[in-house]
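Can you read through this structure? Questions will come right after.
The letters A, B, C and D name the chains in turn, as written, and every chain counts its residues from 1.
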Amino acid sequence: MSELVRFGVSLEKPLLDRFDVLNRAKQYINRSEALRDLIRRELVEREWHEGRDVAGAITLVYDHHKRDIMSRAIDTQHEFQEVIISTQHIHLDHHNCLEIVAARGKAEEVQKLADALRSIKGVRHATLCMASTGREIG
Amino acid sequence: MSELVRFGVSLEKPLLDRFDVLNRAKQYINRSEALRDLIRRELVEREWHEGRDVAGAITLVYDHHKRDIMSRAIDTQHEFQEVIISTQHIHLDHHNCLEIVAARGKAEEVQKLADALRSIKGVRHATLCMASTGREIG
Amino acid sequence: MSELVRFGVSLEKPLLDRFDVLNRAKQYINRSEALRDLIRRELVEREWHEGRDVAGAITLVYDHHKRDIMSRAIDTQHEFQEVIISTQHIHLDHHNCLEIVAARGKAEEVQKLADALRSIKGVRHATLCMASTGREIG
Amino acid sequence: MSELVRFGVSLEKPLLDRFDVLNRAKQYINRSEALRDLIRRELVEREWHEGRDVAGAITLVYDHHKRDIMSRAIDTQHEFQEVIISTQHIHLDHHNCLEIVAARGKAEEVQKLADALRSIKGVRHATLCMASTGREIG
């Protein structure tokens, strides 16, 4: 558990008031918690930008009736097995599947995996969700 | 399986050349597949913007040693059980966990769930990854 | 000039250290200034999302040799004259112009103007840069 | 003027229908024009990502009554005069100014200029709008 440091911040009153309103809407319990999250978001963007070790999720939407997609998606995942941790498969309806791949590794490798999965014919949508290993934002 | 429609597109040659280079780098097998993905990205952005039925993934990074977080995260997930499909839990290292919540529902509800999870004290990072139910992008 | 309010914030030491490193790289003079900017970015995103009064810049890149573009761009700007403040025109090279339209009004109207300019045949690139009237972030 | 190349694209009918609806809402005159814009957006993102020569706009919002800001903003702009083309200054109301700096150069330099301007005490908001020199997207 990290040591907590306390320091003072000066803000214009109207700005602080609006921040407090926003934080209540977002259910934050106090300002420190809200500010922590703003800071971490900055740091995580930087981790990805600088090509550090990152963790993330890749979402795929596809029609599982096209058997070929599943086998190509699995082939691709095997090629990148070093960066893939696990995969969650969800049946959205009779046709559509949502697959969420948890990945970890160099930012560039995770990006490449997302590109490779997105490019599979029949994959309807793919996003890369940039999370963190947690180490640099503790 | 939807009927395929074929139509002609006119592009400036240098623009098309650069697009082809980019597509090879991204491993697309042909232009139609690459264009399809650009179109779907637009449509999915619109689904979220218009508050339609969406699917998505929420990633959380936290230190599981702080027991309180886990119980609060589970409480919050129960409150929103109608939009949560399933949760994948990954042990990143001795301290850090990556939890990926697959969600589905009105865009606004999924956003609220993401805000509620992000605001839990001790959650180090939370992102909302905007995917699709697949229905509108088939 | 708004009254300044001073309050205390608690942060984990390693997180604060990384934030300080980032702020030095970004040339901030102190933490309050860096935090103020993070807060304002949140508030401005919200102004746009909620359709409030906003200010912004629209950039256009086009080849001015195609005379038709200039007249169509001017026609469109006249249609939206209530939201346009002024326009800056830059000659990037023999062919390419960068035009920057300063706009102000309801978020939806400014967005429509950007869409209308982007859709003009021959406009090579258009972006909408979401700034603020400054009133809500003082 | 570049030579136009015509090629065929295959799309699922429901996807194409939704794309057409979206394009009408965005006022595109035909599909080629809409697709061209999607492609160029991709290419411009890449120009910035790869640190190529770019053009862009930086918006600043500040209270001009704080004289110190104006002189600091001008000092900073002089430091970066090689990447600054021109500046547009708009009086939003009695207090707030919107300043739009047109810039051109290596992506990294333009980013540094935006960071330097954003970090000036009293600058309420700063955004960097990533446009293009037009050369690579003709």
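Here are some notes:
Here, a contact is a pair of C-beta atoms (placed from the backbone, for glycine too) under 8 Å apart; a residue touches a chain by one contact, two chains touch by 3 or more.
Fair warning: this is a prediction, and the values are worked out from it, not measured in the lab.
The chains touching chain A as well as chain B do not exist; no chain touches both. When the CA atoms of chain A are superposed on those of chain D, the rotation angle is 180 degrees to the nearest 5.
Annotation: 26 Å between the Cα-based centres of chain B and chain C. Contact of a single residue of chain C with at least two other chains is seen at positions 40, 137-138.
Taken pairwise by the contact criterion, the protein chains form one closed cycle in which every chain touches exactly two others.
Pairwise, the chains that touch each other are A-B, A-C, B-D, C-D.
Of all the residues in chain B, the ones that touch chain A in their complex are 1, 26-29, 33-34, 37, 40-41, 44, 55-57, 59, 61-63, 65-66, 85-86, 88, 90, 92-93, 95-98, 100, 102, 104, 115-116, 118-119, 121, 124-135, 137-138. Across the interface of their complex, chain A is touched by residues 2-16, 18-19, 22, 31-32, 35-36, 38-40, 42-43, 46, 136-138 of chain C.
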